[in-house]
């Protein structure tokens, strides 16, 4: 459905997009995951023909994307990072305005607007102006304005930034609902938990290129880490650290400020083996946790950095 | 399109304080003008205080004092006479308690400390006395037989001057302040245009970015915004014109229709200027506002807002400025409508205004219609 | 509180100012240029507004007889005259622009009318000027004299001779300020100073204040360790620095433009004091506006009304002497009125008497009082908003 080929964009000397390649299929929730500055928003901007790009090819619904390709634009709904509504219009009027830019028939538009308000849960706020809404409610309004016209493709650029957990959950649920109703969704975020929660496929971006693409499971299989074991409040000697390093299936050990982090490749009983060693050495320790690999681990292993610093 | 316009109006009109001030401040200024300038011809002379220093007693001195007394007692209330010694008088003159000192010695003389109208009146009184006295002497010397007739004529002082007015509708030069005020109000549409620009340029606000992504042709959005704002501003300016004409009674004796036409074009220029400046690239918002203020105030100043005759001075020294300054063109067009019917000049002004308006509109459109940006 | 955090608010203001310095300079240049233009206009053109002694009189002579000639010569002596043909449109325009202030129409049957005591000439005076009545009185007086000569039996030649023998009355000019009775040039510039100061400073400072009064910034400051009083104090200091800088620029440019005439003026200290008082007034107004008005368009409207309105009402554009009594009754409550009153006094004086000095101190005091009132209101508003 959407094809981005060899996209290159520079801001002066800075290379924002470095031969980015993406393919998104109809019906999926596609996540663009990456730290701040990795080029996610720039990619979206180019995709929507808001930004000029230096090289590359962008196709949506099989057609080349240009600023005046109104047929394509009519089928896209956008929710950008910053709230983009009219301060002087009420909630209802804002949604009505934007829906009206896509849907011409009056009755249909009215119905869509009502449904959008219900969808985001703003029924009690219809007549209020944006200034009177809290951050979470504003975001909901922002979303309503973007999806009221029931677009085929919805692009969301970090829609949950600075949003309270309750609203955030509602938003994520809403996105899944929209997807169920038939919309393809491109979702950018730097919160890996969100990506893990709702995205069917994820592309991890860094420095303007996609460094890994696939489903959650595919991505996690790309890395060595099968399990990450953390032990707190532990006192170790350097020799003991080396011993732990030598345990079967352990491939990375980190010991800093009394916290031990052990990464093992996927195998059974990793934790048991390590705890046995502790017992043998009569080492005392505090809290123990074992985690399956996260996308942060994927990012970490591939780039050597954390997703969020 | 209607959909866009409807929301443009709603959005603009609800911007309470903006609307309030855009409409109200020219009206407040106009009212202030009315009270300061409009009432100026009703300003009367205040009575002029003058000191008299009596020197040696003489016939001449006596006659003159008699003369002064007559004037003081007449209805005209021009002067108020105080008799002082020389020192006291000199001090009074320096401290501006009197405007002049008459010394009644052998020769009557006047001493003043400045060159204003009041001093001129005192001088003129003295001249009148001196001339009359001289005249009597001359008649006595040359045609003594006509003395009686002369005295009879003198006591029968006639007003030999009749007031007439020129053919034009009004020559009240103070009206030009009001024309300049309307011109300034037109130019101030730039602030409305500025706000509109912010909502149209995707690299300026998120709202604009969202509007640029919609399938509505950018041209439609721009047109509806510009048109909506223009209408609002034009209504504001029209209210001002009507207020001045019908409530304050300023002498706009010409056709109201033509005046509104000129105001309309002026409004368009103001709004376009705002859009032009608002859409400009890499300068801060404060600087943009500063530029708009600077341009509109300078244009208004040069068209005679603060100093009435400024436009005329510009005409004498740099006439080209008057041909391109929109405020000057607007005031000139008003002059043609209300003061002296000069169709040729009027159409020239109107034409230039229209061209300016179209140029600015085109410039504004060219900048704003950009769909793709270097960065957002 | 450590020394470092002590001047943080002040430094903040200075930083924002430095970022906007381009805009400030632009305002200064525009307004100051306007003021210079205005000054040149007044002194070079001798606009009627300033009640020049000699008026600009147009003469349309359709008689061209001897007596008409005598009238013209008399007028030439006392006014600037220019002869025109009977072109109403041209005269209309000249009068509209103030190039002529008075038109004398001498009709064909001038002499007959004169002798028979009817209205011998027609006149058209420019409304809104004092000169109309003044010139009319002069002409009427002269014509009556002509009539009297005629009545006494003088011939045209005799009349001409008699008139030539008339002596000019003796008028002496006590010249207190060495300018021949005219106001000093820089006093004209100072007359327009209120508009420059109030408008420019209000615009600039209200934009800076708006940045500081932005809700989030304000809340952040409120949560900081700096007390409200301290914050206010430092912002005053910042204002004072900015205002003084502006004032110094104005004085500097005035000195450059007028040189010795300005710097050597005996009354220079009073000019400076007066303008400093005005500066304080302007700053206090800016403070009030910046703290109460938020919207850009609203700031614009308020500043315009205040600066233009006060300047008109109080004699910055149209001199005080030309304003009607009613207007002055209202203007008395405004600080700019007192500024102008002092300026007028200084402009034509060479030495100040005691009563003059009293007037000056009174005027300065009233300006400062007004400024204090504005400041008080501004602070009260700030406090109210804090509590919201």
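Per-chain numbering from 1; labels A, B and C assigned in written order.
As a working rule, a contact is a pair of C-beta atoms (placed from the backbone, for glycine too) under 8 Å apart; a residue touches a chain by one contact, two chains touch by 3 or more.
Just so you know, these numbers come straight off a predicted model, no measurement behind them.
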Suppose you hop from subunit A to any chain it touches, then on again the same way; how many hops at least until you reach subunit C? 2
Among all chain pairs, the one with the most C-beta contacts: B-C
From the mean C-alpha coordinate of subunit A to that of subunit B, what's the distance rounded to whole Å? 63
Whole-Å separation of chain centres (CA-atom averages), subunit B against subunit C: 13
Quick check: what residues of subunit B touch more than one other chain, meaning two or more? 15
Can you list the residues on subunit C that touch subunit B in the complex? 19-20, 22-23, 26-27, 30, 34, 37-38, 41-42, 45, 47, 49, 51-53, 88-89, 91-93, 95-99, 103, 105, 113-114, 117-131, 133-134, 136-141, 143-145, 147-149, 151-154, 158, 162, 165-176, 180-182, 195, 199, 203, 207, 293-298, 300-302, 304-305, 308-309, 311-313, 317-318, 321-327, 330, 345, 348, 351, 353, 355-356
Please name which positions on subunit B make contact with subunit C in the complex. 15, 17-18, 20-22, 24-25, 28-29, 32-33, 35-37, 39-43, 45, 90-91, 93-96, 107-117, 119-121, 123-124, 126-132, 134-135, 138-139, 142-143, 145-147, 149-150, 152-154, 156-168, 171-174, 176, 188, 191-192, 195, 284, 286-287, 289-291, 293-294, 297-298, 301, 305-313, 315, 335, 339-340, 342
Within their complex, state which residues of subunit B touch subunit A. 3-4, 7, 10-12, 14-15, 202, 205-207, 209-217, 371-376
Could you pull out which subunit A residues touch subunit B in their complex? 11, 45, 48-52, 67-68, 70-71, 73-74, 76, 78, 80-86, 88-89, 93, 97-98, 100-102, 145-146
